[in-house]
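The following pair of complexes shares a single chain, subunit A, combined with subunit B in the former and subunit C in the latter.
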Partner chain A sequence: MSNQLNLPKSLSAKEFAEEFSKMRKEQTRGLEELKFPTFPSQDVAIEFKNFSLSYGEAPESLYNLSLQIPRNKITAIIGPSGCGKSTFLRSINRMNEEISPVKIAGELLVEGKNVYSPDVDVLQLRTQVGMIFQKPQPFPLSIYNNVIFGPKIHGIKSKAQLDEIVQKTLKDVGLWEEVEQRLNDHAYGLSGGQQQRLCIARALAVNPAILLGDEPASALDPQSTYQIEDLFLKLKEKYTIVIVTHNMQQAARISDYCIFMYSGNIIEYRKTDEMFENPHFRLTENYISGRYG
Partner chain B sequence: MEHVTSEVKKASQITSTDEELHRRFIERFAIVILLTCGTLSIAVLTATILIMVYYGWPFLINISRMIEVLTSPDWFPSDNINEGKYGALAMIWGSFFVGIPAIIFSILLGVSTAVFLSEFVPERITRIIQPVLEFIAAIPSVIFGLITFIYISQMLKVIFNVPNGRGPLAASIALALMSFPIIVSISIDALKSTPNDLRVAAKAFGATRWEIFTNVSFPHAKLSIFASIVLAFGRILGETMVVLMVLGNSPVIHFDFFGSGYTLTSAIAVEIGDARFGSGEFRIIFILALILLAISFIVMGISNMIITQNPYLFKLMETIFVPVGFIFSQVNNFFQRFANEVELTPELIKRRIIIRKARDYAFGGFFSLLFLAAVFIVGYFLWLLLRDGFVGLSFRFIITFPTAASIRNGQYGVYSAIIGSVALVGVAALISFPISTATGIYLSEFAKQNRVANIIRVSIMNISSIPSIVVGLFVYGAFSVALNWQRGILPGGLALGIMMIPIITTNTIEALRTTPDTHRISALALGMTNWEAVRHHKLPYAIPSIITGYILAIARVIGETAPLLLTAVAFTFSRSPYPSGIIQNPIRAMPFEVFYNLLFTTNQLGVQWALNTSIVLIALVILLNIMAYFARKVIRAKYAYHGQL
Partner chain C sequence: MANISRTNLVEMLNDLKNGMLKMELLVEENLEKLLDFLKASTEEKMSFPKSERLNDVKTNDLTIRSLGDGLENKAVKILSLQAPVGHDLRFVISSFRMIYDFERVSRDAYNAFVKMLDVPDSDISKLNDQYKVFETSIDNSKRLLKHFVNLYQSEENPSSDLLKKTIDESILLDNEIDDLFKASSEQVLSLVHNQGLEIESGYYLLSAIRSLERVGDHVCNLIERALYIQTGTKYEIK
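Moving on, here comes the complex of A and B:
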């Protein structure tokens, strides 16, 4: 990662925020100050309030984030490697804690509830917030058992109901016609793109409110990527979708809002087409135009 | 263009110089030597089977006799094979009557421990506990025999209020404690090899540890877990010392867990003692060994077929389980029909979470209890052994050479046994180290996928599955009787050496496999022969692990007793602690000293003697394991690899 700002490479998110505030004027090319989009409270799915996160004793990985993510929209997170995109995403369903102990400051509200308050159960939270990973991760089970993994652990036992869930979710992800005849085959027999759609179906089967995608199409071929993107565009009618992507074109194609992150800070957050047409900061412009990354 | 052509011409003019021909010859010579060592293991396996067939031939060609052997419980062997009764059903029965409860206990303890350590506790705790399990696996079988004979039977006597706690139940418990570390180590490796991404994906669903186990890591690891169970069963059926010491050795068939019994292994050990060469009694023993060999090979084959996902085995299992699966699915469907349709509401999810967490803790608790039980039971008996074993133990015990006269004065010691064990292990090492290392190097570096190499691999796998008593019987039949070597450190060391072959070979292969290959490739690119490249740029980095393997192999065989009974040990005192020859000069050995004094030295002295010797033996095994640890550290520093991995 080439450093665009002539700053030392190993700045913590907090130090970067301080340095960046000094050069704001110069960076904005004299444009007026940019405000993050705000939404009426019933349209806010996720809200960060002065949220900071650090792993163990290390300096902050995310520093003082405040923003609102709208309901039933696709929000894309872009930024160079190591800028904290994945940490940002994983803090929403508290998956960061599975990697190492974390320290939190501020609040993160999902559907109006602070997910880091002590009375929140991560098991409950993670049924509300589904997640799709970079590489398809079907469990070593049959296609059918993969889809009903979630419903089954939540106590749905009725065969008819499970069948219905499988059929509905597989139809939602456009996989039903392809696998209808072989639901009891092992999931590893599917192609990469099919596996990823199976994983999305598996996540949808528990009716989450929010879907997180951690570069969900980056390990797939162009055809499968197209299918997944198409699927997300359809799913946003029912779900709030947040994806991390390395692919600028993808962000431009499918997202409604776009977050540009750098060194654990959010530099720009606005409507996608606005950002891609007229980036506010030089840093954003250089990244979007592929001058570093 | 001109320039390129001339270069090509130059290249085509390259011919071998004398020096290169010489190096090629050296390489070929080295490969021939390595291959010869490799084929020796094929020879050992073939010879073992042939010796059994050769001595058992009069039975094998007589079909009615063979039917009698396999189906009749009457055991009255006689001198003449045309007289007497040779029914071995009681021994086969005994092997399974002890073996099946043992494997059930072993699965309970082993699978629970593996699941608990890999799924329910953090990695660092697993790393602390694994050496403890390795230590349990390293305890010699004769020590388990002694523990069973004295402590386990005493405990059962109190619990079940029986006159004498010895018998099949006591033996099963001991065999389970001996074999569960096999299941644990293989199953933990398999469970831990579940891709971490899959676990993370399941956690992103809010799955509990139990749900991750049932849906993710168990489906991933189940084949290895089954294979480990089959392997452990093979080890249980081939074990001699425990059953020999606590079963009472009489050929009867019954369901009494405290009665007496006989197994194939203990029958071989006992009956060979008074069988005259060439008699019917002598020959039937080799038939028993053949049965045992067949069982071991089948068990090994099955476990291998499970790992390699043999399609025929899987078809067979499917066919067998069709009715079971059908019933299961019908029952499942029956209940599913009555299950209510429910809405996935947050309230339901919340209620379910309480149940799911309770279930998670319940299973975690269950596994941890069985794990703690396993460690506690072994620890408790070891503590009893230490408590009693240190009584009267002094340095004098180690340097005292026991004779009939000194015993009368109450003086006994382990000096001659230490000398004997060291001599035996030394001979075994001399025979086995070069052969096995060469085989390992050949298989890992020079044999690709050719047929000879595959046969060597299969042979080594099968040698590892041969019960130790059968190895002893092979050396006994091939050398002690046929060549009139009788008992001594050469035949005894030979038997131990054969047992070391698979341990060292697999360890050498593993050591070379985990050594970086980059230096060898660079050396090849500089025009070295493969032999030179391996010799100078691969082998040195593998030496620490190879030497560690030597020490661990010694630790494994120094506690072996069963083969020594037939090939090495003296049942009487000799005049000198030092053997005056390598054949026809029986010696004492430490594990044998434990066995013999516990059972045949008739007074309290014998028990104390056995206990003291056990402590020395355990201390030696621990010492060897510590040495292996430090050898790895010290030598690794010397041959440190400075490249990038």
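Moving on, here comes the complex of A and C:
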């Protein structure tokens, strides 16, 4: 079984969208049109409205995306390498601009506010939308100083208050009991899984509403991976979580909703159990079943 | 974008599918033997040649059970090693239920056989009409099995025409089996009351009728599973 699209690899996201629209019926073998999930406005954490993004003068990397991401759920983004998953994720906290100048069309709302409005304070946005990367990246500081790094930048100076933040966030990520006796040790002395949980604690310390994870467990051993997955499942009670993952079983295990991207477009967006039991498009099925990648 | 065949998974799925189709063939063969048996008894008005045919059916039944055990192991291996999703997942999880239904069809056909053999020779001449009804019921189950095979071997998301035809005809065939079961049960009771059929014979016949009705139900279950595999939707045809 192939992906059966037979399209040139060099299509831009816009060109792909146009080509895919011609083959939708064949791709679904005549099923009814799939509608992306929608939510009551108070349950929407992030909303893309006809959102397109291109790097510099290049064609669009993301094209005309319209979808809502629900609050206090885990949404997984899956898709082959180069499909735009990380660009999608980084659009939410405007990290793409750290890579290259970008051109935007449409709107991207976080908690109802367009993050690309001229009046948006990007630093404040990144406080509101924390990010965890593939490889744990603690700062070359002590465990304690890693956690308080963000709060201090935001002006918290009281030692008691900072202690409280350290204890609370390390407890939230299940690290407190493991490190409470050695908070002044260097963060590099922690294991990979512990370092990743420390990075999550560092993100939580500035009290974000949303956590983004770009393959947050892919560099970890299985046990640490399960710890991070368990942690996300607990954290979703307080935070909206969006993760990019190449691990289909991880997406199936922990996410409530799943977005399948291909060539800068969202092909399918549904409840995860529905997508994994009965994918709407052949393209989705062939990807999640490992028929191409 | 590289196309990856996942040879292992495809081979394991094909192996499971071939095993399921082999089970279906054995089940069909047992229904065929039961049908031949009834035809011979009504057309030639002879008593049942008791041992040979029953042994054949029993051998098939045992083969089906052992095949089912092996197929369950294969399905477990696919789940644990290959983490299938989508159509593959539906195919594998449905196999467990289908193995059970194949085993039940086979066992119910065997039970019907055994109960008919228990009817004393002296009562057989009174049962021509009954045997015709049994033949119709088995014939319907065989036709249902054909619908199952067509669907099971069809492409994923079969045409709406094939779906409609399968569902409509399956409902009709199953309803007819249910109606035959009710009418036939009443006839047996009437034979006992009015035409001197031994109560013991009546009991054996009612048991056989019940088993044949169950055969139809289990084949309908198989069709429902095939519909689920191919469409992802759970249909009820009973």
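Following the convention adopted for this analysis, the second predicted complex is superposed on the first by the 289 of 293 C-alpha atoms of A that agree within 3 Å, B and C clash if a C-alpha of one lies under 4 Å from a C-alpha of the other, contacts with A are read in each partner's own complex, and residues count from 1 in each chain.
Just so it is clear, a contact is a pair of C-beta atoms (placed from the backbone, for glycine too) under 8 Å apart; a residue touches a chain by one contact, two chains touch by 3 or more.
All figures in this text were calculated on a predicted structure; none of them were measured in a lab.
Peer 1: After the superposition on A, what does A:S289 contact: first (subunit B), second (subunit C), both or neither?
Peer 2: second
Peer 1: With both complexes superposed on chain A, which partner does A:P279 reach: first (subunit B), second (subunit C), both or neither?
Peer 2: second
Peer 1: Which of the two partners, first being subunit B and second being subunit C, lies in contact with A:A58: first, second, both, or neither?
Peer 2: Neither partner.
Peer 1: Touch test for A:P80: subunit B only (first), subunit C only (second), both, or neither?
Peer 2: A:P80 sits against subunit C, while subunit B stays out of touch.
Peer 1: Give one of first, second, both or neither to describe whether A:Q249 is in contact with subunit B, with subunit C, with both, or with none.
Peer 2: second
Peer 1: Overlap of the subunit B and subunit C footprints on subunit A, residue-wise?
Peer 2: Overlap of subunit B and subunit C footprints on subunit A: empty.
Peer 1: Sort out for me which residues of subunit B touch subunit A in the complex.
Peer 2: Residue positions touching the partner: 197-198, 200-208, 211, 215-216, 219-220, 333, 335-337, 339-342, 344, 346, 348-350, 352-353, 355-357.
Peer 1: For subunit C, which residues are in contact with subunit A within the complex?
Peer 2: Counting only subunit C, the residues touching subunit A are 1-6, 9, 83-90, 155-157, 160, 232.
Peer 1: Can you tell me which positions in subunit A touch subunit C when the two form their complex?
Peer 2: The contact residues of subunit A facing subunit C are 1-3, 9, 28-31, 80, 248-249, 252, 276-279, 284-285, 288-293.
Peer 1: Can you name the residues of subunit A that touch subunit B in the complex?
Peer 2: 93, 95, 98, 121-128, 130-131, 133, 135, 137, 139-141, 145, 149-151, 153-162, 199, 202-203, 206-207
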